[in-house]
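Below you will find the structure I want to go over with you.
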Amino acid sequence: MSLAADSSRSLRLTALTKEFSTFTAVDSLDLTVPAGTFFALLGPSGCGKTTTLRMVAGLEVPTSGAIHLGDDDITYTKPYRRPVNTVFQNYALFPHLDIAENIAFGLRRRKVREVDAQVAEMLALVELESQADKRPAMLSGGQQQRVALARALINRPEVLLLDEPLGALDLKLRRAMQIEIKRIQTEVGLTFVHVTHDQEEAMTMADTIAVMNAGVIEQMGSPSELYENPRTTFVANFLGQSNLIPGTVSSAGSDVVKVDMHGTQVSIPAARAHVTSGSGWVGIRPEKVLLAPEGEPLDAPGNHMHGAVITDVSFFGVSTQYVVRMPWGQQLVAFEQNTGIRGVLPQGTRVDVSWRPEFAFLLPSSQDVNAGAVQGAR
Amino acid sequence: MQRAGRWIGDHLVMALGALVLVYMFIPIAVVMLMSFNDNSRSRNVYAFRDFTLANWADPCKPDGMCSAVLRSVEISLLATLVATILGTLASFALVRHRFAGRSVINSMIFLPMAAPEIVMGSSLLALFVSAGFGGRLGFWTILIAHVSFCLSFVVVTVKARLNGLDENLEQAAMDLYANEATTFWRVTFPLVFPGILAAALLSFSLSFDDFIITNLNAGQTVTFPMYVWGVSQRGVPMQVNVIGTVMFLLSMTLVLGNMLASRRRART
Amino acid sequence: STPDRQQDPKECRSEDRSADDKRLLVSNWPGYMDEDDGDYVSTLTEFSRRTGIDVRYTADVNDNLEFFAKVVNQLGSCQSSERDLFMLTDWMAARMIQVGWIQPLDPAKVPNLHANLIDSLTGVGWDPDRTYSAPWQTGLTGIAYNKAKVKEVRSFSELLSRPDLRGRISLLTEMRDTMGLALLAEGADPADFTDAEWERAMERLRKARRDGQVRAFTGNEYIQDLAAGNIVACEAWSGDVAAAEDENLVFVTPEEGQMIWSDNMLVPNLSPHKANAETWINYYYEPEVAAKLAAYVWYICPVKGAREAMEKVDPSLVDNPLIFPTEESAATTHSFMALEEFQIRAYEGDFADVAGG
Amino acid sequence: MTTATPAAPATPTPPSAPKGPRGRSGGVGKGRFTGYWLLLPGALWLAVFFVVPLYSLLAASLYDPEGSVLTGYDVSYRFANFTDALAEFWQPLVRSLIYAGIATVICLVLGYVLAYAIAFKAGRWRTLLLVLVIAPFFTSFLVRTLSWKLILGDDGFVVGTLQTLHLMGPDDRLLATPVAVIAGLTYNFLPFMVLPLYASLEKIDPRLIEAAGDLYASPTRGFFKVTVPLSMPGVVAGTLLTFIPAAGDYINAELLGSPNERMVGNVIQNLFTTTGDYATAGALSVVLMVLIVAMVVAYIRKSGTEDLV
Amino acid sequence: MSLAADSSRSLRLTALTKEFSTFTAVDSLDLTVPAGTFFALLGPSGCGKTTTLRMVAGLEVPTSGAIHLGDDDITYTKPYRRPVNTVFQNYALFPHLDIAENIAFGLRRRKVREVDAQVAEMLALVELESQADKRPAMLSGGQQQRVALARALINRPEVLLLDEPLGALDLKLRRAMQIEIKRIQTEVGLTFVHVTHDQEEAMTMADTIAVMNAGVIEQMGSPSELYENPRTTFVANFLGQSNLIPGTVSSAGSDVVKVDMHGTQVSIPAARAHVTSGSGWVGIRPEKVLLAPEGEPLDAPGNHMHGAVITDVSFFGVSTQYVVRMPWGQQLVAFEQNTGIRGVLPQGTRVDVSWRPEFAFLLPSSQDVNAGAVQGAR
């Protein structure tokens, strides 16, 4: 198993570009995936995630740029010569082979001995010992998913690519498989590059997330980094929800940037201010927005804004979503955990609104306020 | 009441379908029956006289019949082999590759199916005669003709299967350390194989059964259909029905056996 | 373009392997050969026993033109027809001899032929010395009907027009048979007719076909449908009806007269067993053999002395005019005139349009 | 294997990556010329043994009719061969198209019923039934047709029964009538109709039919508004695979018909073999072929199923 | 449009049963769906949701029982005679018809005049005016979904059945379509019966939810009713997550039931106590579980439990999920909204745990503690 001999090698994409006739699917992409991490690639449909993965797997030839694994340039290496394996979205299990033979496929091609023992071990890992002799068509979606995982993992690749491996599963099964995959990655310690549409999936599973849009990486970092300090409106909207309120920078210090927001002064930590002059979007996450019926105390040290009205209330179980209309007419979204400390506020209630200034972020006004937002949502 | 209506609605189609199948099997039943006919006392080959097992006991009694059957089998096997190989290769080219003239070739391959047999047969004959091959008509010219008309059917059948093949599977194989050749033999071929098999089966039956094109290009070589045509003019020996029955049962056994085997394989 | 089919039998020869290859491949019409049955030993079996020659006998001649089509590509390009001997009617025999597809017989090897051929068949225009051909049987073209199904059919015109026969008669594909009878029905002489007579005869035929009187134009296979009851009356060759062994089938000489013809044994080019073929011909010209065969096939026997020999074989047949014609019966027979190439084209063409188109 | 220093030069040149039809590269054997090599043997075969013969046939249709089988034919570009052939044989030609057309329509109805039953109602018997549809192929075409001749014979069981029931007059018959010929054609080409019909019916999502029912279509309307349009590719393929060989067939007319049911196949066959009139036979074959190709093209255009093959 | 003439008629299923050979898919189901409500049918895969819907649509004949719409018994009415339409999971659009004709299909079958005007209106409702002439295959999944909706809605059925209409869409699109469907239902005011696997979807969209399990309805009510006061462990686990802690009833009053839970006395409102003696499961939702580092104040009036340790922390963006090990060894799950008031507590922190007693519920101990829970999750 020489393939994973040096498992400390990181995957590096340099100026990687893929053009399809006139269309550029991946645009001079730079990316480093440290060895042994669980890396998630997140982005809207058509942004080039699959194309990127296929280039790494060797199933697509880049138009330009390079792919390195440690010191090896594998840009043009044939797929079957790369220490990289893929779990395909639709599993791509071989229908004519039984489960054991599907899993053994890679080892057999590499003329490895003692295939059986390793297959048995893998079957145990994915808890499918009893299904070894069945054909893929006889397994359920979740079971097929696990076979696809085992078939790739058994090769101990340096990098395992997962292209929306859970996309076809229903929600409950999906959550269960997330836990499973995360467990396996932790156990085997390989580099996983995981493509998904599901932000929650990315946030709970990945060590590092890269948000991709229109062929380029918008931002990369740990889940909390990305969530707490998005650098673009796209990231702010795509990864979770954000309230973006227009404001004008009134002063920029080395610690904080002060912004005038419809007459309220808000201070934003310099590290979260991606504009230092002119106008910008003040961003705040809905769960950071605190509400209290007019006049009641609000547990936030920042400025309190008065004169807001609740226009919509939705019960989510864990939390309640309020939509409030601010005095300047904009609708903001606020989440409130149903801790039971306070009952649900009815629609029409006049409320005061506040948030801690250290959680706000400031984005350039040149960016589209709706980039990455749910279509059809307000 | 409404339930009864539904039941009838559900089963009416099945009943009608069964009637159509019965229609398809009437002549075969007659062939089977006639294989037990003893007409040695009569010249009338169109009536059942007496029951006998003699035809089955000595099926090769009529002069030249069994050799014609063997020749037909031989030609069909060869034609199937050649047509299946050429047709399969062409299907791969047409489905998996883009190249100039692809659509022209695509319709050219359809054309033999759009040519009436009499036209195809006579055009081949015209070619052979004007090329000075008129005197050498026989086994090889029959084979050539058969390959030509089987080819289109093979291409159409294999292409359908190939079109339905998930290309991801081949990529998965390459991802799992199989090079191009291994991918082909371990994944592509086994998956396309049922289509190839179906094409071969179709080829065999078309070739074995062909009369019109064969008759025009056969010279002095006699295939089973030609034998039947010949004897139909002077009194069909009842053993012809034995052959018809045997061919039918044989093919049914083969196909059904294969079907059951694959079903059993799937079950375990 | 297609090649000229003229060949020269001198050049299209193959070495005669008869001496060490004791085989003979014969193609003949159906119903033209006696068959072993219990104690009865056929002339063919007897031949094999006597000469040691293994005969592969096939009854695959159904119609002269059809047979011609079967062999034209081989014989016309100097290739083997894979036969050593076949039997064809006079006019076709003449054509094949003329285009050089037939090998001359060695008179020394067929003494019986020259000694025993009946006088009426010697000196035919197309093979005056019987160099190339030896008559196998002579026969008559007349009418057959099934007496269990219809009342007697007496004339050819009746056959072509009687309403109760509509769609249940068959005619022969051979122009000289059918048009011979049609010309007779017009009162013309098939051996010498005018274009107007021809046209009238053609019209009669066309009308019969148009009216749906004719179920089929056939070669020798008419006997199948007659036996099966699909046709009840037809134009027929004399011996076939008797050989059908069905007492309801009757052969009649049409009131207008009947046609007479011979089928001739021919040895094609490139036959590797010519000597064996000659042995066969010589054998069948032995009066006893000829008589025995005639008693079975019921055709007119072309061999002198066969009538005498018939006394021993089956005395009841000695006076059968179908086998040994009498003066009286011979008077009712006609033969078709020899045709020039342009006539063949025109007449065959006219006829084919009705019979084949 | 990856520990070896990459053999690639400083600026590796990307290998050419021609696209498969679905645009993804990386499949098997994607060399630029592989397609041609794979196609070559089959295409060459068809070129030599299908296209060239068609040319020979075309040449034959322009032979000098003064030639004969014995003296040989020469190409004289006599286009009158076509008009002559049509003048003489338009009847069998038209009859062929009519008989084939009727047989095709009957096949379509019968085939549709059978294919529908197999596709939607047969459940686990599907494969067995499909095998049964193909099975008659293995009992020779001629043997089966002869067997029809026996069944439909004037003294046969069917006619006898119908006569006893007074459904047929005592002198009526089946054999040697258009009915028998068309029945024979229908019978012989039915499997060619059923198979493509089945293939396209089987692809129909049964939920579409349920959706039609849900949207106020009675089963009949649902059938005509949803099932039938969706099975059009099968209808087109089946119709062609039935009509074309039926129009060129002569066995059924020969064995089951009378001279008045002769089809163009009989004529061509006769002219080619018995009469040896290559010029007329060639002309008639060309006419038939052109007619059929024209009808096929028009039909495919009209039914809008050009992705048939 | 006589079909929807009397739109005040409710849909009633009475002892509805469907048996497939030996298997009972729907088991004597009783259900009333009031006219004009948005009704959600929720349940695990294979519990009989589709079968129920198909019986209502007339696509499946019930084995026994009855279906009434107002006073009409439609149990055996042919599907095409029912004022009921279905939006199928895979859309089931007619591939051979363009969008406009797909939508017009039902009207044409009913020989309605002025089809065009109504189709135009529907196209406007689902915002697909520009796609009228396209074939379904040319539309995206979300657009196809809207066509399916329009095709059913145009018939103004009394009841619209939606069988997982969003199951095939990706998450972002799914959220957008939820908003869209809810908007449309509110606009047209018809009865919607909506089958889904997605609890959040059910909770945000439906007026009433019925949770189905193994062919029977486990519980039915408004989303908050079901969420706050589940009556079975299945509902407690299936609809959101629940912590279920074994306890013994020590006294049962008319207002509260007191339970001894590993030494801690908890009081549960009688309305939420579905056991009044013996042992039971004390249930509490994770968002109701409050944590504080040992010794810090906890904003809950109930008993404080000491000696718990945080064993796992997952960042979800909006909230953080803590898994804490209680002194008696059981792991409990707690959610904490990332309001930013307090930072994330690290794994290993010793914490105090509390919740307000009025939010706890008590379930019979005879029920399976894991019923309805995510497989593979702890």
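Think of it as A, B, C, D and E in the order they're written, each chain with its own count starting at 1.
Keep this in mind: a residue touches a chain if its C-beta (ideal position, glycine included) is under 8 Å from a C-beta of that chain, and two chains touch if they have at least 3 such contacts.
These are the chains along with the protein names UniProt gives them: A, E = ABC transporter ATP-binding protein; B, D = ABC transporter permease.
These figures come from a predicted structure and were not determined experimentally.
Note on connectivity: the fewest steps through touching chains from chain C to chain D (ABC transporter permease) is 1.
Comparing chain pairs B-C and B-D, the larger number of C-beta contacts belongs to B-D.
One finds 26 Å separating the Cα centroids of chain A and chain E. Centroid to centroid, with C-alpha atoms defining each point, chain C and chain E lie 93 Å apart. Averaging Cα coordinates per chain places chain B (ABC transporter permease) and chain E 56 Å apart.
Annotation: 14 Å between the Cα-based centres of chain B (ABC transporter permease) and chain D (ABC transporter permease). Within chain C, residues 1-3, 72, 76, 228-230 each touch two or more of the remaining chains.
Residues of chain E in contact with at least two other chains: 78.
Residues of chain B (ABC transporter permease) in contact with at least two other chains: 46-47, 130, 171, 174, 232.
Against chain A, in their complex, chain B (ABC transporter permease) makes its touches with residues 166, 168-169, 171-179, 182, 186-187, 190-191, 266, 268.
The touching residues of chain B (ABC transporter permease), when paired with chain D (ABC transporter permease) in their complex, are 9-11, 13-14, 16-18, 20-21, 23-28, 30-31, 34, 46-47, 85-87, 89-90, 92-99, 102, 105-120, 122-127, 130, 144-145, 147-148, 151, 155-156, 159-160, 167, 170-171, 174, 180, 183-184, 188, 201-202, 205-206, 208-212, 216, 224-225, 228-229, 232, 236, 240-241, 243-245, 247-248, 250-252, 255-256, 259.
Chain contact summary for the complex, chain A toward chain E: residues 44-45, 167, 170-173, 175-177, 179-180, 197-200, 203-204, 223-224, 227, 239-240, 285-288, 290, 299-300, 314-319, 335-341, 355-356, 358-359, 374-377.
By the touch criterion given at the top, residues 1-3, 30-31, 56-60, 62, 70-74, 76-79, 81-82, 219-221, 223-224, 227-230, 244-246 of chain C touch chain B (ABC transporter permease) in their complex. On the side of chain D (ABC transporter permease), the complex with chain E involves touching residues 205, 207-208, 210-218, 221-222, 225-226, 229-230, 232.
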